[in-house]
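One chain, subunit A, links the two complexes that follow: it is found with subunit B in the first and with subunit C in the second.
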Partner chain A sequence: MEQLTLPKEKLPELLGEIGSKFELIGPKEENGFLAFRKINDPKEVNLDILLSRVPPKSLIFQQTETLFTYTKGKDSKVQTPKIDESVRVIFGIRPCDARGYDIIDPVFMGKKEGDYIDPFYTKRRNRSILIGLSCNEPDTNCFCTSFDDSPANTKHVDILFTDIGDKYFVEVVTEKGEDLIKNLSKIFSKATEKEGNIRKETEKTAIEAISRKMNTEGTVEKLNKMFDHEFWIEAARSCIGCGICTYLCPTCHCFDMQDESTLKLGGRVRVWDSCMYEEYTHHASGHNPRPSRMNRVRNRVYHKFNYFPKNDGIFGCTGCGRCIDYCPVNIDIIEVIDKVKEVNV
Partner chain B sequence: MAITTREGEHAYATKPAKILAMKDLTEDTRYFKFKFLDESIVEENYKPGQFAIMSLPGVGEAVFSISSPPTRTDFIEFGVRKVGSFTEALFKLKVGDIVHLRGPYGDGFNMESLGGRDLIIVSGGLGAIPLRSVLLYVEDRREEFNQVFFLNGARSPADMLYRADIIAMAQRGIIESHLSVDKDDTGEWPYHEGVVTTLFPKITDRVVSEKTTAIICGPPIMYKYVIQELLKLKIPKDQILMTLERRMKCGQGHCGHCAIGGRYTCLEGPVFTYYDVQHIKELI
Partner chain C sequence: MVENKELIRVVEETVSRDDVKYVIGYKRGTYGFQIKPAFAYSAKDAKEFFYSPLCAKNLATYPLLEEKLPLRRGEEAEHKKIGIVVKGCDSRAIIQIIQEKGLEREDVVLIGIPCKGVIDPKKIAKRFPKQSKFVDVEENSNDEYVLEISGTSHKIPKDELLSDVCKSCEYPNPLLYDILIGEAEEEFQPEHFNRVDELEEKTIEERWEYWEKHFQNCIRCYACREACPLCYCKTCMADLLEPQWVRRSVNLSENTAWNVMRAFHLAGRCISCGECERACPVNIPLMELNKFVEKEVKEMFDYTAGLDTEEKPLLGSFRPDDPEDFIS
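Here is the complex of A and B:
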């Protein structure tokens, strides 16, 4: 892995160059929250706020996606949109959010021969080069380390930037990353051993700053045994079913498909959906297999901490803490899993 | 009708089909017969129990069981109850109008693996729509099966689907049929009255447990009671097959709607065995 450094004051120059050659996406402040948006001017990039409110999942699995457009009336014609495949650089993605892609890749890109590969997700994923940014100061509800992850993990990005004071320590992880660096002017320097040590120290300090821990040991097995336990009624009591925990989750991938039309034209649009809603499983006949909030809260926990591990060998959680940060009634997934462990079955 | 994805298309791009015929089956349920405009699509590569997704641009999509058998090609049939906005729009169409389709999806009944076996087919209400595909398959390949019992329950005489067809099949010796309504509100119902499980005594003495496969489809409430009867008859758990309703959207195992216990009904179902049902929570 090539290790380089970039003086901080050169960052705008770098982003400017990337932006002139490719589409550049980065974190930008918008209405007091961070959001991943197209960057037109390097000055727009905000690296002070840790996590975007909506995870960058939205850049690959878009919140709304037009599957096709149609004309209405007797000779209705359907037209499939062309999906852009040109290179796009996503700058400033945090390691946990990048890991989120790895968790949902199998859903959209197939796990085995014959699985349907979603072209919208796959093409967008393949065209994206991820330049990650290590988290030097994790937030109160960060717990990525509970999943063997690290705030400076290189594993899920193409290039990783770590702030080491007056410079960024730059690790070129993948071939995609190497190709990008080759394409850019030589404004990087080779990293020295000393700088490498500062980077390691920075990661160590960041890991130590993570105070929350989810103890997942034995959770899968415990959940196998407690589906019918009254604990779930208790766990769901305060939930108001707003669905924000699922919308802001980097690993939630549910969607609905709806037609949106004007008088003559329209499109079939794929939109994020949430299993926290009553209508989500409501049959046309009136029957609902998950009729109460308890069923739905339980489903969310099972999907992430029982079904995901059983199907894909991985927890459906990155430890980003968004569901805890934004829950209006303070449901805390770490506490839920702690309580699961205390239940007697 | 295997509609495969072609170069430059994705799975949600549907194929236009023309309405060849339609007929009211009951007050709110209608029979539809379609033919694809693209003649290269052959309507035969599916199993009874599989489903397809109908689409009307501007209205949306909805999932329906295929009601014709793969043994009859050149058309595809459905039975549809008018219950929501999609079916409301569908019922306004006329013969010759275009409906878009994609599918088939899910895993259906492996009829070929049931060769030489006795079948007990139990239907409740709209369950007769997918089971019609099974019955017509049996009719077309009668020599492959042994005894075939069909127990069909409906709320009232007016709600019973395909009554004349079923009686005609029974008269030709293709099936032994037993019909029942929960309540006869006409005073003219010539058959049994009571829930569908009360038909079991009519066949009990002729059931050979180890040779029998049961196929069930009906409203969610029905399964538990029918399964009890089948277990009394000592039908093995993996020979009790049922097709289950689930709200579905994408048909690809992506969107999450039909996922139960970490499994996707649209991929692994809608046909499940009683063994599956015992091991997957919330399935019925």
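Here is the complex of A and C:
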């Protein structure tokens, strides 16, 4: 892995150059929160706020995806939208959010030969180069370390930037990352051993700053045994079913498909959906296999901490803490898992 | 000032009644300035109840979330009451729901709490970020909030952390209750909801630009709807497919349709608790829409929602002298 440094004052120059050659997406402050948006001017990039409110999963798994459009009448036509496949650089993505992509990749890109490959997700995923940014100051509800992750993990990005004072320590992780660097003018310097040590120290300090921990040991087995436990009624009692926890989750990936038409024109769209809604499992017959909040809250926990590990060998949680941060009734997933541990079965 | 001891005693007493199923109140949350809704099924559960200016959440949502599972043959529905801790605005939500026949007065036992206004969770979290342990806040007699963080005491002028909706609240005391804890507060001298006044001074284009900026961020999670005690329709118009009033596509046009329709459906019904705005994950100033409609309703029909259980709902009543000049 190539290790470089970039003086901080050179960052606008770098982003300007990337922006002139490719589409550049970065974190921008809007209405008091951070959002990943197209960057036209490097000054728009905000690296002070840790996490974007809506996770960058929305850049690849878009909230609204038009699968095809059609016109009506004699000369009716069906058209599939063309997806831009040119290189797009996503700058400033945090390691946990990048890991979110890795977790949901198998859902859309298949696990084995013959699996369905979703062209929309796959093409966008392949066109994206991820330049990650390490979290030097994790937030209150960050707990990525509970999943053997680190706030400076290089594993899920193409290039990782770590703030080491007056410079960024730059690690070029993948071939995609190398190609990008080759394409840019030579504003990087080779990193020294001393700078490498500062980077390691920075990561260590960041890990130590994470105060919340989720103990996931034995969770899968425990959940196997408590599907019908009354614990779920209690866990769901305060849930108002708002869906924030799922919409803001970097690994939630449920969707609904709808036909939307006007007199002349129509289209089929794929939109985010959430298992926290009563309507989500409501059958056309009127029957609902998840009739109460208890069923729905339980499903969210099981999907992330039981079904995901069983199907893909990985927890469906990155430890970003958004569901804890924005739950209007303080349903805290760390506390839920702690309580699962205490349940007698 | 609400004494927690007194609150716990009242909750214990209420939950011990034969005709009460459970009591809903507040307990301390898992971090920072978070509170949690608490449910007491027995006197023992009441021990964790507490009240402080952090208890913003309107609990009136819960009785309507009660899931009535299908009864088995021969089984009879349970008619037990639900106890709820209510502030001024929360009691108005209950009144409004009773007015609309969503609940019967006998369905609930209201434990009233005179309110001095609640803290805006976003403002306090911004002021004191990164609190991984629960921090309680008290209000002193000098209009200051007092809190202690790692041994250091902080005093913050109330005005800096108070929720905006509370600044224009005319009804801090519960208007409907079975038991009142503590002394009724003096009525506030409410400021006008100046966020609406500021908006009204802008041109139509400026206002459109303002709402466009907010609505384009809407992720249509409908948290505003779920958090709202008055959004309790069995089927929301937003979930209907035939006819489909609002499309599922998330774009400016549909988002605007959703947010405007939501505000209209609360005309003469919103009781200004601010729950929608608190829940919104993308900071849409929803109370500005609600307050605007509230103002229009007040000016046109001299009507305020949620004051009297016997009154008819605004849209369910007609007076020969109702204004009609907006029709033509």
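We adopt the following convention: the second predicted complex is superposed on the first by the 341 of 345 C-alpha atoms of A that agree within 3 Å, B and C clash if a C-alpha of one lies under 4 Å from a C-alpha of the other, contacts with A are read in each partner's own complex, and residues count from 1 in each chain.
Everything that follows uses one rule, which is that a residue touches a chain if its C-beta (ideal position, glycine included) is under 8 Å from a C-beta of that chain, and two chains touch if they have at least 3 such contacts.
Keep in mind it's a predicted model, so treat the numbers as computed, not measured.
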item: First, second, both or neither for A:Pro328, with subunit B first and subunit C second; value: second
item: Subunit B versus subunit C as contact partner of A:Gly32, first or second or both or neither; value: second
item: Which of subunit B and subunit C A:Arg212 touches, first, second, both or neither; value: second
item: Which of subunit B and subunit C A:His253 touches, first, second, both or neither; value: first
item: First (subunit B), second (subunit C), both or neither touched by A:Phe143; value: neither
item: Partner chain(s) touched by A:Phe231 [first = subunit B, second = subunit C, both, neither]; value: neither
item: First (subunit B), second (subunit C), both or neither touched by A:Phe68; value: first
item: Subunit B/subunit C common contact set on subunit A; value: 256, 258
item: Subunit A partner contacts - residues on subunit C that touch it in the complex; value: 29-32, 34-37, 39, 57, 61, 65, 67, 69, 129-132, 213-214, 217, 219, 221-223, 226-227, 239, 241, 244, 247-251, 275, 278-279, 281-283
item: Complex contacts: residues of subunit A adjacent to subunit B; value: 67-68, 70, 72, 76, 78, 80, 107-108, 115-116, 118-120, 227-228, 253-259, 261, 266, 268, 270, 273, 275, 280-285, 287, 289-290, 295, 302-303, 306-308, 310-311
item: List of subunit B residues in touch with subunit A within their complex; value: 8-14, 55, 57-62, 81, 83-84, 87, 98, 100, 126, 219-220, 245-247, 249-250, 252-257, 259-262, 281-283
item: Subunit C partner contacts - residues on subunit A that touch it in the complex; value: 30-33, 35, 53-54, 63-64, 139-141, 211-212, 237-238, 240-244, 247-248, 256, 258, 260, 269, 271-272, 274, 277, 279, 291-293, 324, 326, 328-330, 332, 334-335
